[in-house]
Amino acid sequence: MKRILVINPNSSGAVTDSLTEALAGLAGARFDCIRIPESPATILTEEDVARAGIRVAETIAADPGADAYVIACFSDPGLDLARSLTAKPVIGIQEAGILTAMARADRFGIVALGPASVARHMRRMRAMGVIGRLAGELDLGGVSAEDAGRSDAVYARTLEVGRRLRDMGAGALVPGCAGFAPRRAQLERDLGIAVIDPVQAAAAIALGAVVA
Amino acid sequence: MKRILVINPNSSGAVTDSLTEALAGLAGARFDCIRIPESPATILTEEDVARAGIRVAETIAADPGADAYVIACFSDPGLDLARSLTAKPVIGIQEAGILTAMARADRFGIVALGPASVARHMRRMRAMGVIGRLAGELDLGGVSAEDAGRSDAVYARTLEVGRRLRDMGAGALVPGCAGFAPRRAQLERDLGIAVIDPVQAAAAIALGAVVA
Amino acid sequence: MKRILVINPNSSGAVTDSLTEALAGLAGARFDCIRIPESPATILTEEDVARAGIRVAETIAADPGADAYVIACFSDPGLDLARSLTAKPVIGIQEAGILTAMARADRFGIVALGPASVARHMRRMRAMGVIGRLAGELDLGGVSAEDAGRSDAVYARTLEVGRRLRDMGAGALVPGCAGFAPRRAQLERDLGIAVIDPVQAAAAIALGAVVA
Amino acid sequence: MKRILVINPNSSGAVTDSLTEALAGLAGARFDCIRIPESPATILTEEDVARAGIRVAETIAADPGADAYVIACFSDPGLDLARSLTAKPVIGIQEAGILTAMARADRFGIVALGPASVARHMRRMRAMGVIGRLAGELDLGGVSAEDAGRSDAVYARTLEVGRRLRDMGAGALVPGCAGFAPRRAQLERDLGIAVIDPVQAAAAIALGAVVA
Amino acid sequence: MKRILVINPNSSGAVTDSLTEALAGLAGARFDCIRIPESPATILTEEDVARAGIRVAETIAADPGADAYVIACFSDPGLDLARSLTAKPVIGIQEAGILTAMARADRFGIVALGPASVARHMRRMRAMGVIGRLAGELDLGGVSAEDAGRSDAVYARTLEVGRRLRDMGAGALVPGCAGFAPRRAQLERDLGIAVIDPVQAAAAIALGAVVA
Amino acid sequence: MKRILVINPNSSGAVTDSLTEALAGLAGARFDCIRIPESPATILTEEDVARAGIRVAETIAADPGADAYVIACFSDPGLDLARSLTAKPVIGIQEAGILTAMARADRFGIVALGPASVARHMRRMRAMGVIGRLAGELDLGGVSAEDAGRSDAVYARTLEVGRRLRDMGAGALVPGCAGFAPRRAQLERDLGIAVIDPVQAAAAIALGAVVA
């Protein structure tokens, strides 16, 4: 059986557990979800992203036997670097989440955890060459990845932001974090448009790459 | 268990069988591969695409119980129409193949079966808003989808075209047809860059959508 | 004298008559305006567009002696298909209306009949590669093509929407329907910017193609 | 009867006569073709273009009774300036030629008279926001506008360049000068793709604007 | 010592003096700031821009001994023309201001003096191929270049507009006029993002070109 | 006097000395050129770039008294990270070289040291939103930054590549390395188009930012 290494670039065990849960429904390969103990509990700043990128690459280099790798942080830390070190598939969840949304609807919206992420995402989407498909990006005013998937108050805010993005033309929505899976189906029902969990999207693409 | 309806828009049983084989490695949902008996054996002309589009939509409307749909022809016939008829995921293999290639490398190349397809793909990639990631598209001079996956002579030509696309900067390659799966892994080894079978790519995205 | 076939893709005789009136001022070729009796009275849904596209193409194929063809519905049904069947000029009114607006001013605005059309137009403008010139698109909240050119209440709404698009930077306006000709000149005077009737724009381009 | 002022920005009477001939087939309005006696016989340099632009604007301002204006030089001298001085339609032949080509086929090619024009056209097409539709631009190595429409040797070269552009994906061709009309139909037959005379294209758009 | 000719395209001595002051801090070359006595005191209309462009080019041609040229009006009058007349560096302040902002932050904002300039800037930024980096452009409602740098009331409005552009994602701001230098540092402190004086930006690029 | 810290991200003293020489002509501020002793002698791989990025940011954080910073490696390592740590100007030489070329001519060309850099530059130019201005990028087949500025054999190859880029439409050329300054003026004379040394370009922009 093929093995896919899912790397949580931060050190939080709770986040790592939530990755395992989010992927429980996917069969056909083994998903090993690991954290990076040397990292902080959350990846917040540009510096966190840069340092996490190097650790992610080291983690990948240290496990050359995996069949594919998923980087499970919406900043896609170390993605280009990791690809230069291995010929095996390396999938970033920001890229996978957005690309999967583009396979579901004409324009997509992003729900960012906080305002600071928006500029980083814009730069990345421009580099990805997909910004012409963006209906809009709005933020939740600063919440943690954990709360994004668990807090009811945060869910209410997410729903409101999702409605505004839908009115701006979004036919698919991508929450910009690794922890939204527990609420994905509910938000999809409440909004009536596709909601993509980026971790599940990345895992499915990785699965397709290894079992094909 | 979730069920994904994979529609071969033409009437060829051989092509339909090859779809079933291509998806044999994907677990976690049932893939029902069907053909459209009223269609011609191959979808070649713009008229074939337009007529197939309506039949694909009718086929989807006639099986509302499926959990997701894959349109298994690289022209994505009926994709927008089908999405207007159901809220369930409808995945086109051209879109899925290209988007998956974009999750694997910075620029992608397309191998078209013949010169007539190139203009149609260009228009579609412009509508998809992804043409900035295209390293190039070259064609095989006119071969059938079946030969693309089975003939040794066609494979030799595909390899040569693939080398030229790699030299033009492609880090991932998408064969522009539904029948390439039997040769995917070999071409990937021979070229040293990712090769995406668009049927498998679409199926993996559909799988991610229904089991998540 | 050259003959231009102007195809109303729906079955409404009133709409067909309005096409004839809209083109009364153009000399130098004969404009034959016909309807498609098998079509519904209005083209509303994606399915209407897809089915109309095939009928439009059949209509063109059935009259190979015409010197040029105009498809007089803002969704341009069957445009690519028809072009694959004849080497003679086939002009769509959405394309012609937008391109003519681009020959008149730097940025253009679109007035859509209802919200559902906006997403379809966005996709089309992206495929046309002209979305960088769009100042904005706003809709009238759901009105029929016939009312667009005849109802005073709808005109008042159109004027208001036109003012907002002008404030957003539009130097030329394109009403997104085939029936606006009776009000074109008045709206141009009331707004002080160019207003393009897409049927007249398409006919003029067709005329230029056949009498040149 | 409406009157359209067609301004030849250079002083050549022969070029002016050829404009009158090119528009002989268009009925429904009067086309007055005039030259600017103070201009040089050809518009070649950036300085020629800049000086011609001011004279074109003065010429338009001196004839406020015309119903529309056509600037009949492929550099579109004075187009933005003229539009700032009158609310009537001002049509440039480069813009009109390219936009009309976009109403005929997916991608277009430009045949430039000489290499120096290519950079100017590229800049203009980027400003027009249409460069995504350009299949390619090739030049004839330096010929005059007059020879473009009359010399057999130049026609042979034009045909060769046209074939290369067609192979590069052009479905419509725009000769980049005001004097190609006498050869338009022949080149269209020889190439099998649409050939747009930009003067006729501009005149047809102007006609549509005034008689609608 | 190298000599850089800084051309104020209008006839105002006050504006010319302010250019000299703005460049007082730059060493390593001599900056000669001159005005064009035949020009109006302000460049306002498209006609002013076109006529100034020819005079700027004549001014450059009349002083071939300078090592570089700066055109100190935000409309960059005569920029392309001047470049066709000399191989020496010719720097326009709109281009330089925007490009320097792009060297400081991901997205930039423009503060225009009045609403009429916005459309002109949009067209120019599209031609420059940089509009993807624009966070937004807002105008001050119609103020003179002189007031932009000296009036307290105008400064208050500039600060308010700057705050809105910062909220729209601008990481660097470019005031769209030649006279803002006296307030640049203060606005940068008040906003907390980079503020680029386009005259100083153009001069620095010219300096780099001649002393390198 | 203002002080600009010019950081050579590698450990080579020779490269650092060449930076000092390249900036000898720029007056008005002090340029302190330093190297990073912990870095390798050359920045070659993606991993080198990622690790250098963190060291560059640490170096900047360790000298908060400088008035501006220049990152003198064409991969711009650590640019976004450094900007998140300080509000002072941080200028990358790839960005500055390209932006300065855009202030000199309509389209620019890049001369890369080797083929591996081309993909990295393409991704970066797409993220910069400036790829529409790229005439082309060609590489020298693999040479060191030091040889780029000193070896006669490499110069001959650079000249040949520069001629091809000029023929592809480049009006300004950017050598893709930190060591080309000694040959800049000669290549400019030999090619007859602007040649931009990216280190000098970045330093001039930094100078403009601090002394303005």
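Letters A, B, C, D, E and F mark the chains as written, and numbering starts fresh at 1 in each.
Simple rule for what comes next: contacts are C-beta pairs under 8 Å (C-beta built on N, C-alpha and C of every residue); 3 or more make two chains touch, one makes a residue touch a chain.
What you see is a predicted model, and the numbers here were worked out from it, not measured in a lab.
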Quiz item: On Cα atoms, by how many degrees is subunit E rotated relative to subunit F, nearest 5?
Solution: 180
Quiz item: Quick one: which chain's Cα centre is the longest way from subunit D's?
Solution: A
Practice problem: With chain centres taken as the means of their Cα atoms, state the distance from subunit A to subunit C in Å. | Solution: 42
Quiz item: Between subunit A and subunit F, what is the gap in Å from one C-alpha centre to the other?
Solution: 34
Exercise. For subunit C, write out the residues touching at least two other chains, lowest number first.
Key: 83, 123, 126, 129, 132
Self-check item: Chain-to-chain touches, reported pairwise for every pair that qualifies
Solution: A-B, A-C, A-E, A-F, B-C, B-D, B-F, C-D, C-E, D-E, D-F, E-F
Quiz item: Given the complex with subunit B, which residues does subunit F contribute to the contact?
Solution: 118-119, 122-123, 126, 131
Self-check item: Residue ranges of subunit B touching subunit C (in the complex, touch as defined)
Solution: 45-47, 49-51, 53-54, 57, 78, 80-81, 83-85, 123-124, 126-127, 129
Quiz item: For subunit E, which residues are in contact with subunit F within the complex?
Solution: 22, 25-28, 83, 87, 89, 91-92, 95-96, 99-100, 102-105, 128-130, 132-133, 181, 184-185, 192, 194, 197, 200-205, 207-209, 211-212
Quiz item: What does subunit E use to touch subunit A in their complex?
Solution: 106-107, 132, 169, 171
